[in-house]
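The structure follows.
We call the chains A, B, C and D, going by the order they appear; numbering starts again at 1 in every chain.
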Amino acid sequence: MANFKGHALPGSFFLLFGLWWSVKYPLRYLNQKMKSNCRSNQCYQRLELVEGILKAVFALVGILAEQFVPDGPHMHLYNGEDKSWVKLMNWQHSTMYLFYGISGVIDILVYSPLKVPQGLDRLALFLAVFIEGLLFYFHVHNRPELDQHIHSLLLIAVFGGSITIFIEVFLRDNIVLELFRTSLAILQGTWFWQIGFVLYPPWGGPEWNQTDHENVMFITMCFCWHYAAALILMAANYFLVHCCLKREKRIMGEVEIGIRKLKPDQNGVEVALLNQSDEE
Amino acid sequence: MANFKGHALPGSFFLLFGLWWSVKYPLRYLNQKMKSNCRSNQCYQRLELVEGILKAVFALVGILAEQFVPDGPHMHLYNGEDKSWVKLMNWQHSTMYLFYGISGVIDILVYSPLKVPQGLDRLALFLAVFIEGLLFYFHVHNRPELDQHIHSLLLIAVFGGSITIFIEVFLRDNIVLELFRTSLAILQGTWFWQIGFVLYPPWGGPEWNQTDHENVMFITMCFCWHYAAALILMAANYFLVHCCLKREKRIMGEVEIGIRKLKPDQNGVEVALLNQSDEE
Amino acid sequence: MANFKGHALPGSFFLLFGLWWSVKYPLRYLNQKMKSNCRSNQCYQRLELVEGILKAVFALVGILAEQFVPDGPHMHLYNGEDKSWVKLMNWQHSTMYLFYGISGVIDILVYSPLKVPQGLDRLALFLAVFIEGLLFYFHVHNRPELDQHIHSLLLIAVFGGSITIFIEVFLRDNIVLELFRTSLAILQGTWFWQIGFVLYPPWGGPEWNQTDHENVMFITMCFCWHYAAALILMAANYFLVHCCLKREKRIMGEVEIGIRKLKPDQNGVEVALLNQSDEE
Amino acid sequence: MANFKGHALPGSFFLLFGLWWSVKYPLRYLNQKMKSNCRSNQCYQRLELVEGILKAVFALVGILAEQFVPDGPHMHLYNGEDKSWVKLMNWQHSTMYLFYGISGVIDILVYSPLKVPQGLDRLALFLAVFIEGLLFYFHVHNRPELDQHIHSLLLIAVFGGSITIFIEVFLRDNIVLELFRTSLAILQGTWFWQIGFVLYPPWGGPEWNQTDHENVMFITMCFCWHYAAALILMAANYFLVHCCLKREKRIMGEVEIGIRKLKPDQNGVEVALLNQSDEE
């Protein structure tokens, strides 16, 4: 779908996942650090399962939408009369969604009792992102300079993300890698929107001169600003999560102290334990 | 052999190994997980030895075939009269088989009592795959666009596989890497067949337009579909192995219980052990 | 700022950091090796904090300078009248400083009591260096051969540095990586100066022939010499630090022995301990 | 030195080191495996020191030779009259030797009592090889197809070697990596000779057609054969070392038994120990 919506939709998808991860990973990390046991490991596994199901459902919806929109291929691949392929763009997008769907299904299998090896969920996500990059890479041949450039910047985010996820196969639950992946997902999301705005201005307006080198230079810089914005957004979410957890812990502590006041004879040992966990 | 058979043969070879691995690795992994001790570690080492011997034999047959087919070079490399090389294609294929042969020989040495360092078998396989990629890379110069593209997609599978195997030198027996390698082997196998069908349609039929960009786009997508099919095939094999092992274990358990009923005096400790191993 | 100063300034910046690191890292390493406890781990953490603050301040100054120099953009990005971008070069440099600023801020956060995960400081530095490289990479299109070549050699130092720092995310406090990074920072610093001298000779003089292949070959070699000089400089600093620490230790030892002579009754055990630590 | 000797000399240098390594590394590995204590760890450290000294001396000789051969630059870099560089080829080769010299010096420092961090010797070797590759890469611009191709194949060996050595910084004393590096050093050595034979036939003879694609294909294959030969040579050395160590151990065992027969009263415990070490 070579129009504004065709870029805004996948952009929103990546943005959504990026924002959700920018809350989830700090939450898990800070929970572990603060040793508040209100959220267990099992709880996070259930979250991953939900994420997997969502991914699979989204992918299915995406495939169906790409196929059955009014100007879609309706599952026809080859037109025997014209001897030409039918709507290859939509088919390519369907293919991309297919691999995100596979990634979702493997997430589900890993957290089900089927003993599927754990690293496979990261490997499947790596494959989905890599294949997205592969399809994009062969997608932008024979286009004007600015068009090619703006897409090749996207490829930096895509392949950067896929390398990060591949490393995660071996260094699972590494908070730095997870936050890096999150930032690249947000970057991808906002950059898809940016591509839409540049190539298909939604409210009309003058078109960009596609061969002006100044424009290419501005777009490169703009890409960096998007990333800076993504980092600032993540930092904001991190501190929000930090504050929430701190307040929650304080309330929990007060409740505990309140409970203890009612049973003063068991107090001695517990206060000592509480002090210990505070010092850590 | 620039014809259909010349692509179908190596394709079948990779497909065979890929399918065999897609059974072997889940079997070993699930055996370890389920702690059923019916298949020992030693048994797997013997399998590796057999695999190595097969690889070496296949490679030898391949070299001989490439040399002594009716239109082969018959070990002649240079024609002094014409001042030209004799059948370089066949020589290149022989070279490729040679390195798979070396890999097979090193497999044999590693599992023999010669104290050859273990990682060398993976390194030799990495070299064989890398050299296959190298030969291919310089193979497709000066060809039409579609021909180049369809071969460069193959290179993704080849070099992806070689990187994976290189990592396996250091992370041996990592199930995720092994399954990834397996999937790339299957992909290579089916893609060789696809190349044959596209470039040398076996049952005649209209030829592909080698310069149509639409065809290039379709082929890229088709490559992804092959990979999706490989993943689904592997998943099917995984679950088959899983079911087989489960049934086998149940039968073994029943047999054990039957045996125990005959010797009721030793029963107490064993039941406790059995329960333990079930809970794990 | 396409002039001599515009290359000398960032060059000095990198040189400064490189030289400082070439003292800091050997100091920390040798302190640990010699087990002299005059400088604690906490002291190094404070140093990192100071480094972070300096980096952030430098970056802020850099951004302001690039914006508000007499011929700067003064925060104007787009000129509506001419329909053209305003001083994109200065904006690009501001962007580069921005990411070094972010890196500085994250350094501060990591060593503050906010429980920010440690690897993030390295990741942020990696990002700053990578984005510097990215901006440079798209910076030198459509330039004469020598200009392109001299900048692409810089990219080797920049991307080499960014890969090193990325590895440091996982292998923190690895002295070999830190020294390698230091050497690349010094190389970058001196190479910026070299670019200034070649492209904008500060004292007039004949210009370089930008299309002579001999010049390109000389510049490649010159780049290697810069690196050799950087290595020699680092070696000199290493040995200086080594000598200082040795002398300091000797003086400390003498002082200790002096103190002990005054309290001869506690002497026995301490001498034994001293001997032990000397032998290590 | 664009002639046969100019390629034969560095070729011999790499071949020498490769062959020496193909004995040294199996020797150390098998010694450890067989737990024969006739060669201590200290002995290997002294060997490394000797290797470093040799490397530094060779490099010094190389630099002096390149500078002071009759048609060398004699330390003149720039000819003010002609406004041209003097003998840049020789200067480039000197630069290459310089970095191997630095690598030799760092080897010496690492095994001296100066507490230089151990990984630095590998890093310096990595740098020497990388800079050799860098100089080569910018060396072969504007040459005929065959010339470029034959040199770019060399770069595969050079950069492959440099990556291997970089990994060795972190995975020191890994026998697989060491053997891989060894094989690439031998390959580099023989390939330098091959380049000499192809581009500057030493005994006259017909010249190669530099633009014939068949020749390019043959050279690619020939490169693989060189590597196969290097592997076979290494295997031969490995087994030679294996046999020598086995025989030596048998003789040592017999000597020990002979000694013990003279002192029968201490015999009991020692025989038990001997049996143990045999079983391992």
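The rule is short, and it goes like this: a residue touches a chain if its C-beta (ideal position, glycine included) is under 8 Å from a C-beta of that chain, and two chains touch if they have at least 3 such contacts.
Note that the structure is predicted; figures quoted are calculated from it, not measured.
Chains touching both chain A and chain D: B, C. Counted as hops between touching chains, the shortest connection from chain B to chain C is 2. Ranked by how far their CA centres sit from the centre of chain D, the chains are topped by A. Copies chain B and chain D of the same chain sequence form an interface built mainly from non-equivalent positions, shared numbers / all numbers used being under half. Centres computed as Cα averages put chain A at a distance of 33 Å from chain B. Touching of two or more other chains is recorded for no residue of chain A. Here the touching chains pair up as A-B, A-C, B-D, C-D. Note for the complex: chain A touches chain C at residues 29-30, 33-34, 149, 156, 171, 174-176, 179-180, 213-218, 220-221, 224-225, 227-228, 231, 238-239, 242.
Here chain A touches chain B in the complex through residues 84-85, 88, 91-92, 95, 98-99, 102, 114-117, 119-120, 123, 127, 131, 134-135, 138-139, 141-142, 169-170, going by the rule given at the top.
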